[in-house]
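In the two assemblies presented below, chain A is common to both, partnered first by chain B and then by chain C.
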Partner chain A sequence: MTDNARETIMRRTARVFRDIFDDDELEIGNATSAADIDDWDSLMHVTLVVALEKEFGIRLKASEIGALDNVGAMVDLISSKLKG
Partner chain B sequence: MMAKVQMPESCPIGRSVVQLIVTRRPMHRKFLNASLAEMSEEEHRDAERYLRFLREDGLDDSRIADAYLTIVDDTFQEELYFRETGRYRCSSYAEAAKQVYDNPEYMTCYMIGLGLTSFWWINHVRMKRFFFETLPSLAGDSYLEVGPGHGIYFLAAIESGLFRICRAIDISRTSFDMTKRIVSREHPQKGAEVEILHGDFLAMPEDNLAAVLVMGEVLEHVEEPMQFLRKAFAVTTPEAKVFLATCINSPAIDHIYNPETFSALRALVEEARFKIGSVLQIPRAGKSLAECEQERLAVNVAMILEKQ
Partner chain C sequence: MGEDTAAEAERRALALAKEHYAAGEFERALAVLRGSYTPDSDFSLLMRAARWTASKEWPRATPFKIAFLGGGVLSQFVELIAFWLSLYGIRLDSYCSLYDAWRMDVLNGDGPLYRFSPDIVWFFNTRRDARTHASPVPAADAGYAAESMVNEQRKFWSSAQSRLPGVGVIQNSVDPAPERGYGNLDGFIADGGLHILRKYNESLASAAADSGVMMFDLAHLAECVGLRFWSDPAYWFHSKHPFSPGLSGFVAYHAARQLVAIRGLSKKAIVVDLDNTLWGGVVGDDGMDGIVLGDGPDGQAYQAFQGYLKALISRGIVLAVASKNDERTATDAFTNHPGMLLDMDDIAVFKANWRNKADNIREIAATLNLGLDSFVFVDDNPAERDLVRRELPMVDTIELPSDPSGYVRALDRMALFETVGVSGEDRARARMYKANAARTIAQSAATNLGEYLRGLEMSASRGTADDFHLSRMTQLVNKSNQFHLTTTRYGKAELETLAKSPDHILRWYSLSDKFGDYGVIAATVLRIRSLAAIIDTWAMSCRVLERGMEEFILRDLLGLAAGAGCEVLHGTYIPSAKNGLVADLYGRLGFSLRGKSDAGTTEWELSPLTDRGGIPLYITSKDIT
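Here is the complex of A and B:
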């Protein structure tokens, strides 16, 4: 995947995060994890995953999601799903 | 670098297993540590005792961690489904049996994982606290537990010394075996005081009535909860007390019945000719009961019933 394509996925992911956490100022990067966002708990995680699935038209498995460490890994997973 | 684990140093098995869990599932770390931080030292020691039992049963920490993560992953998957469709995936016992009960290897893993959640998930911990707090008020001659599952509540009832006879019945062979093992390992048998049956509660004879009946986390697994409540009525004395625990809007791989609201659950119980005494409702962490009802989020419910 090209850098541009990955950047696009990251931008779209960040938009989903801002929408889900209702914070237009929220800054998301590759290293961002649940430890960095107070409201990012298991409940929000479900909401986040559903929103990301809808945004990208993909299906994510619990074991795939659970193994992620941060947003960067999430973006990589989404990228791999989009490649098919 | 090892992630910080919210567990006392006096619980080395717990620390080892939790470390494996949070390494394999980093996204689960926040939830689990928050839950563990709320537990008392005694509750941590009880969890450690259970883990010691699992190790003595031949399981290593990696296998234990994997069993727990099976529950985490499967529950998460079911939560996604529920969020998208508004209903549980499973609509019949046959489906649940195919997924879970008829698969001995999965069932063992499932029981171990569920057992650990009863120690480590704060909603389950609070439910257990309520059970222990109300147990003395339930004291009677004979105790009957329906679906003891991992056997932890049944063991507690035996160890309380409050009942002359303790019986349990479980339709699952795996659960029956687990309950037998944990009781025989942790509690010296005293002859006829403890009876563990493998069979269908609905087919139990209606003599030998129980003064106390415990039905924890059963209704959500059945197609016809009214049948179980009516049977509970039939196998208990007129003055009996029933400890009933179930959940609302709480998807899991083998959950079938969802009352959807507390009002619906209350109506069901009252239709079965019980009246409700004490009630404990545990909303999803960080949410109020009103928010849970509005947003269809999970609520765990326990209630003490008496006959009308």
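Here is the complex of A and C:
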């Protein structure tokens, strides 16, 4: 995937995060994980995944939903779904 | 409104609400959110608004303690129901059982549920909670499966009710699965999963009625969405979400509206506009003849919307009109247009003037002695909607799509009129049920058409074209398309002239039966030429087909022809794009075909003017007026 395409996905993912956490100042990067954001627990995780599925028009497998450890993994998964 | 613009509006609304809140304008902040967020709003933006709203203190909010008991994970649902409730000034304090522990929670008198001391215990069950008893079920026991499940639920209800005096108990109907073990027959075979589930829901509702428990129709919400969108196995397997978490806002909205009803805050009245809301077009410009109502796709859509409003009225919702129109023009169209389903009796307050709509609504509220927060406003004009939202934030102004086909849904989906039950005083609704039941009984008792028609107790009137009836006759002649033998289009003045002519006899006909009065439903023009009487015009409403009005009218025309000294009755059928229905009417009534033109026009003749006593007619005649 080109850097450009990945950057776009990251930008759109960041917007989803800012919406879900109601924080327009929130900055995320590949390494951002639940450890970095207080309210990112397992239930919030589902909210994030649902929001990302809607944003990108993709569907995650049951086993994929919980397997995303950080934002980088999310962006990778999103891009593979968009390609496929 | 495209999806993007709706999402943008939601974003702006939240930003605006935050500004209002920062300025201490709490009611304005909530009103802005109420005006933009709907059950179909964007999931992320709903969650965002919910998060912000939950983080703030709302000074006028009253608390409501609700325990949600069910086997699935409901966290997004609970966040969003809290959001919706806060828009109505209710602060949710919630308790959720942990997964399948809900049964223990209910039965454990010393446990956290009872320490929480809720106002409402909501059995937020979904189909997987009902599964334990349903499968596998030996066919012989299938009949008892539903009953035993209900009995268990009854124990849970009484456990809560006995330990929490005065608690309200709500019970979900459970959502069906889209998949069916027995395929198509799963809903009907004794041990079919769907059959058992439906029986369970039905028995549950009966038991609830006996136990003072309120039902919440989760099954219907699932069906509205579509079972395949509702059921999301991936999220069940991952985290035990019993339905697609993205639908949480939608479910929470409807749950909140039921709670709002329990708090007595449901809407009680609607103010509607006229032009392009109850009919197509602008009556002031187009005239009564030019508005679209009854015919064509839009005409039917507007009529359907009127029908929906009429149903709301019959269950006790108040309807008022606020229209920017000349009063006479508006009243005239409302009263006389044949396509109207609503009539003036349905309208509690009718305001047609050139004043500001917000002022009109204020006056309507004052006249009805109802708070402005009891009102819903429906208007096709976005500018009027904006004005009323700004001036009267406590009124719920609904969005209307540009297509009138969508009007009923636009109003219905907002679930603004939920109730806690049918009160003993709600006689209008009782009357409606009664009439329906009588109709059903009449239909099932009749073993043949004749008996059915006799059972309708029909009576008809007829009369001459006096001033009172001339408008209506003009409408029929000009609006009827299907049952119109010659598609004449006489204006009122022309009909007046014909009525005065010694060679013409004009008649109107009306019909009523034991269920109601259909009003004037047919108009005829008979021309006398020496020994021949010619049916120049015969227009009839399609609402009264195949009941015998055709025969009734023919007998009247025969009588008139004989009375004028004629010996033969002529009828013509001129085909149009829409009147194929009556191509063979004269044939069926016993006329002989005398001629046919290349264009398809047919000439018919009935002679001599025989007594038709042998033909059954179930319509009695009221006195000629």
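Just so it is clear, the second predicted complex is superposed on the first by the 84 of 84 C-alpha atoms of A that agree within 3 Å, B and C clash if a C-alpha of one lies under 4 Å from a C-alpha of the other, contacts with A are read in each partner's own complex, and residues count from 1 in each chain.
Operating definition for what follows: contacts are C-beta pairs under 8 Å (C-beta built on N, C-alpha and C of every residue); 3 or more make two chains touch, one makes a residue touch a chain.
Bear in mind that the values here come from a model prediction, so they are computed numbers and not experimental data.
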With both complexes overlaid on chain A, does A:Asp22 touch chain B (first), chain C (second), both or neither? second
Once the shared chain is lined up, is A:Ser42 touching chain B (first), chain C (second), both, or neither of them? both
Is A:Arg11 touching the first partner chain B, the second partner chain C, both, or neither of them? neither
Could you tell me if A:Glu55 is touching chain B, chain C, both of them or neither one (first, second, both, neither)? second
Please work out whether A:Ala34 is in contact with chain B alone, chain C alone, both, or neither, and reply first, second, both or neither. first
Once the two structures are fitted together, what part of chain A is touched by chain B and by chain C alike? 42-43, 46-47, 50, 53, 60-63, 65-66
For the chain A and chain B complex, residues of the former touching the latter: 33-35, 40-43, 45-47, 49-50, 53, 60-63, 65-70
Which residues of chain A touch chain C in their complex? 16, 19-22, 42-43, 46-47, 50-51, 53-55, 59-63, 65-66
Can you name the residues of chain C that touch chain A in the complex? 42-45, 47-48, 51-52, 55, 73, 75-76, 233-235, 237-239, 241, 244-246
For chain B, which residues are in contact with chain A within the complex? 24-31, 34, 69, 72-74, 76-77, 79-80, 83-84, 284-287, 297
